[in-house]
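So that you can tell them apart, the chains are marked A, B, C and D in the order they are listed, and the count of residues begins at 1 in each.
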Amino acid sequence: MKIGMIGLGRMGSNMARRLMEAGHDCVVHDRSDAAIASLVEDGAEGHGGVADFVAALPQPRTVWLMVPAGAVDETLGALAPHLESGDVVVDGGNSYYIDDLRRSAELKEKGITFLDCGTSGGVWGLDRGYCLMIGGDADAVSRLEPIFAALAPGEGEIVRTPGRPEGRGTAEKGYLHCGPSGAGHFVKMVHNGIEYGLMAAYAEGFAILKAANVGNKTDAPDAETTPLRNPEHYRYDMDLPEIAELWRRGSVISSWLLDLSATALIEDPGLAGFRGHVSDSGEGRWTIKAAIDEGMPVPVLSSALYERFSSRGQSDFADRLLSAMRHEFGGHLEKAVDESKQTVGRNDG
Amino acid sequence: MKIGMIGLGRMGSNMARRLMEAGHDCVVHDRSDAAIASLVEDGAEGHGGVADFVAALPQPRTVWLMVPAGAVDETLGALAPHLESGDVVVDGGNSYYIDDLRRSAELKEKGITFLDCGTSGGVWGLDRGYCLMIGGDADAVSRLEPIFAALAPGEGEIVRTPGRPEGRGTAEKGYLHCGPSGAGHFVKMVHNGIEYGLMAAYAEGFAILKAANVGNKTDAPDAETTPLRNPEHYRYDMDLPEIAELWRRGSVISSWLLDLSATALIEDPGLAGFRGHVSDSGEGRWTIKAAIDEGMPVPVLSSALYERFSSRGQSDFADRLLSAMRHEFGGHLEKAVDESKQTVGRNDG
Amino acid sequence: MKIGMIGLGRMGSNMARRLMEAGHDCVVHDRSDAAIASLVEDGAEGHGGVADFVAALPQPRTVWLMVPAGAVDETLGALAPHLESGDVVVDGGNSYYIDDLRRSAELKEKGITFLDCGTSGGVWGLDRGYCLMIGGDADAVSRLEPIFAALAPGEGEIVRTPGRPEGRGTAEKGYLHCGPSGAGHFVKMVHNGIEYGLMAAYAEGFAILKAANVGNKTDAPDAETTPLRNPEHYRYDMDLPEIAELWRRGSVISSWLLDLSATALIEDPGLAGFRGHVSDSGEGRWTIKAAIDEGMPVPVLSSALYERFSSRGQSDFADRLLSAMRHEFGGHLEKAVDESKQTVGRNDG
Amino acid sequence: MKIGMIGLGRMGSNMARRLMEAGHDCVVHDRSDAAIASLVEDGAEGHGGVADFVAALPQPRTVWLMVPAGAVDETLGALAPHLESGDVVVDGGNSYYIDDLRRSAELKEKGITFLDCGTSGGVWGLDRGYCLMIGGDADAVSRLEPIFAALAPGEGEIVRTPGRPEGRGTAEKGYLHCGPSGAGHFVKMVHNGIEYGLMAAYAEGFAILKAANVGNKTDAPDAETTPLRNPEHYRYDMDLPEIAELWRRGSVISSWLLDLSATALIEDPGLAGFRGHVSDSGEGRWTIKAAIDEGMPVPVLSSALYERFSSRGQSDFADRLLSAMRHEFGGHLEKAVDESKQTVGRNDG
């Protein structure tokens, strides 16, 4: 098929390349001429103008957007006037599924079909393929199946799920029509919510292992640390890179995120190259909001999100209020006392 | 009654004073001569030597310990050889109730009764009285009732609990025999566990209020903040001292901790005088351990404890591992990219 | 002043009574004639028709709505056509502050001022007064001050906050203009979010105390309980009503919610009259959503909300998936094995 | 090598079989004659008496224990008198690492070396191999390397970690000497703690997906559910088995636990065969206790554990206290009111 790709960042450019490798023709567009040029070198047809870009596509047209969530409305605003009834636009980025509902309704008025497609895989996707979670009109999804199949990993060497009937559906090939408009990004949203939880579980576990030597510390106990009751229980210097590697082999907790942890730890066992100010994208937040609307308890996913907030200093004011309350236990006259000098455990109630 | 008090820190010295104000006689002992002298000035009999201290008490003796949890064994080691069968020792500090079980068994071999007494009230206790949670032998508790009654707040002006029968017990006076050895410190432990939860609930709530103006920030969105979808919903500059004051009046969340928050906020609305490195004492930790032994879910109390850990930088390694995993999504070749430069939401999965 | 009150449920009727006791005149309206009649008996002027109700009020009119959040739009729809420029409507219910923004903008087009007023106090408010958190136009708030002052508790016998300047503001009287439109309900929202956290902290703590006797259980350990390592540490039969009473006296965790707990426990120590299916209203949920928008970590407030969700069986599917995963560890051939028969700890990884 | 295996349950018997398949000789012992007979049939030498069992092993002997954690002391008590200086005992079960410290010290007095070995893999281990986390004396670990290598998965087809030097250690083969006595079970403990977190992240995520159709429910809103503000956002009937399958392909959250989830869901999409009363073994609890000793915040791992507690009804009393407090808001006179009949959101503060 011939498909148009708008947005040639890391994700979009690699997806165009994977499509061309599979024999599809790509017409590409981006704000950056250099980005276009790079794809043209790899065999794409490039256009710096939206009108030319659209004109280069056969009807009914298929345009795949791979732009930041915040740029989708602007991009659609420039694109839609050039499209015609029967055309299909796929938003493959990280949009909020609630925006999909609005956008698909708006485009439908012009006869344009809007599909939402959550895409997982990162830069690994060029080689491994992208996991695609698709929402929107079933006929349009069906028509684009060659595109989805080319982008997705395919069955590869992954062991089949026991008990799964042959021909049950496309999920085994790495793409799935999840439901009507918004369903694709909804599934991707929850995917990222889960991802935060998984990452946090590993992070907390490795942190416990790293601190397994706290019993060796001979520092005089200070005001901010309750002395260890049994320091002899915490005298292990754990080799985190080796433990991460070990767990990749036959353990219940093996996963791709563990593979990445093993890679990170072998390169830099102390992770000194990182500040630990952990960003979060919209999906993690939207996942919690959806859970709250559903009345669904999600303490693990929420805790994972909050750890990221805290990592960026966001709990600062709350922490200071806790210190202030503790200070008040000591009475008005002692304001000058440095909180850090208080004897642990003597003024906690 | 005549009672001995060992440990003349803030708590012990005030308790001795409150006892003397109620007409009891106090014999006091401390490692610090100055501390003893100060109490002697207020009417106590002081002894720098343990033997003299004990000798000054009438049999059966009553000795109240008000020393740090870590000093109890040493103090008992020095004291016990001078005591005799029938004597009573009260540990009024913040000991782990599991230590009470051992200590009471050891002293029982010599005929000495060991009581554990959790004490709440801080420096406010001198005026307000101390809330006393007592464990150990019922007869000994009974014999010491005048002491407990003098230290406790008494009924005061607090409204009686509706439906509570007259003469139901001593709890209304502010002291209670909670059960056998360890029961007093067990109740105090849980008291402090609850206290952490209450403090954290207020701290989180005020933090939400403080940030209610994030929609006013005109900064270009950076990589670590997902842009607000509706900045117009967050344009409130809340007056925290006034809100704390307001909630003290007729609201469901009025409490003594809220009173303290109001005091802290009126003095220093931005809490600039605090670093927000929040200490924790043993009780908060032991509460969670007890809950785990009981198989009791305590997410609120645990979260409150963990916020204190995090406030002291303890989540640093876990945070860096999260950053490292996120970095790996981007592939091996991009190690030099500063994490903070990543576009939010484009490489989360 | 003469004020109109719409909505004569428990809250609205008591508020009208409190206003009349303070010398204000009330014109009342409700869908229920009986509710109107009851207030008329207490001295109010009642009208079953909205037009008559409005006509009975002097200009500029003041109408207080005390209807369920879900009925506010409908009530305003019926009311607004009868109002005129200069009139003021106060929404004293539990509306979402985001709706306040829309409603105040819509009414402003007609020259009508819309105030939002979060109200805390429950049925206790008739006697104790209501804590009022007010948002909207400052002049209108100022004009209605006699109404707010009459509804609020006033200074009463509550000890003044140390360090608070005389005449700092109205918060000491129990009402506060918190900011522009929505600010009142925003503060009330966070108030309830905090309330959930406080309630959960007490609930978890008392649950730990109640289970302090798990070491006495002589049952053969079953598959769902890890055997206690030290049963001798958990042999306390705690008297919860007495402990709740005790903590009301001089302890750091005294509060009005603790007072209520003491009342509930003295009446029914085992709380057998309750199912423990805990409802939640919108505020608790909106608080978490606001925190997420602000990027503010609120693990305690979230955990409290999720406990309520779980209490209503909402974690059922997640729990079954956990069981299913554990089952898969055991291999395909053992589907018939009852999960409850599994030996604890042998197939956890 | 010739090795003795005590404990022929699912794990022990399969491990003996895997050892024999690799060419090692196994002498086996169990309380059950049938279990012994089954292994003898597969080529092992079996003995019902401990003395005979030990006598059949060449010196220095190697005995592997694969018995429940609660039976280790008893087993060692029966075994140790028959052992001699130089012999090695491996505890391959799920013991608490703190017990390893005691046991290794006790056996060391007799010259016997005690190794602890955390074992992951379940019944899958017979084919896939077992992931082994070993603690104790380095020389003994070295001598037993052929045993560990036979039990472990080996390098297999798992992709090497990028950047990992050749010959870095044995972790790539699936076994690792983690440190001195207790280190093996410490690492296994944290492994299971992480496992709980991972499982909970998937469980919460799938639960959100399953409830994505709550907007379709046309029930009149009841007292326990806040009405959905935007039901049109929740009208997706998600196909969970397909989504689980999809995520196995190229997504960031692929893992072995996801593979198991896909298997469970394809067999029984509604998971109707499970009650959702989720057991927990010691490791999950010990992980949290270790984290608390270290002062390490672990909200995700704790939340995962608490969800299991709650799934077994353990939050019942806390929930009822919450209901009781809410009830008290309504005043003394309304005790007869059924909590479930309360209007949502009208008495929450």
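Observations
The rule we apply is simple: contacts are C-beta pairs under 8 Å (C-beta built on N, C-alpha and C of every residue); 3 or more make two chains touch, one makes a residue touch a chain.
From a predicted model like this one, the values you see are computed outputs, not experimental measurements.
Taking only C-alpha atoms, you rotate chain C by 180 degrees to land it on chain D; that is to the nearest 5. Centroid distances built from C-alpha atoms place B farthest away from chain A.
The distance from the centre of chain C to the centre of chain D, with each centre set as the mean of the Cα atoms, comes to 41 Å.
A separation of 35 Å divides the Cα centre of chain B from that of chain D.
Between the Cα centres of chain B and chain C there is a gap of 28 Å.
Shared interface positions of chain A, defined as residues touching 2 or more other chains, are 120, 122, 162-163, 191, 195, 200, 202, 204, 207, 211, 226, 229, 251-253, 257, 263, 267, 280, 285, 293, 295-299, 303, 306-307, 310, 312, 315, 318, 329, 332, 349.
Residue ranges of chain A in contact with chain C, taken from their complex: 162-163, 251-253, 280, 285, 288-289, 292-293, 295-299, 302-303, 305-307, 309-310, 312, 314-315, 318, 329, 332, 349. Remark: chain A residues 97-98, 101, 120-122, 125, 128-131, 133, 152-156, 158-159, 161-164, 168-169, 171-176, 178-180, 182-183, 186-187, 190-191, 193-198, 200-202, 204-205, 207-209, 211-212, 214, 225-226, 228-230, 232-239, 242-243, 245-259, 262-263, 266-267, 287, 290-291, 293-301, 303-304, 306-307 touch chain D in the complex. On the chain B side of its complex with chain A, the touching residues are 9-11, 68-70, 94, 96, 120, 122-124, 188, 191-192, 195, 199-200, 202-204, 206-207, 210-211, 223-224, 226-227, 229, 257, 260-261, 263-265, 267-268, 271, 273-285, 299, 303, 307-308, 310-312, 315-332, 335, 339-340, 342-349.
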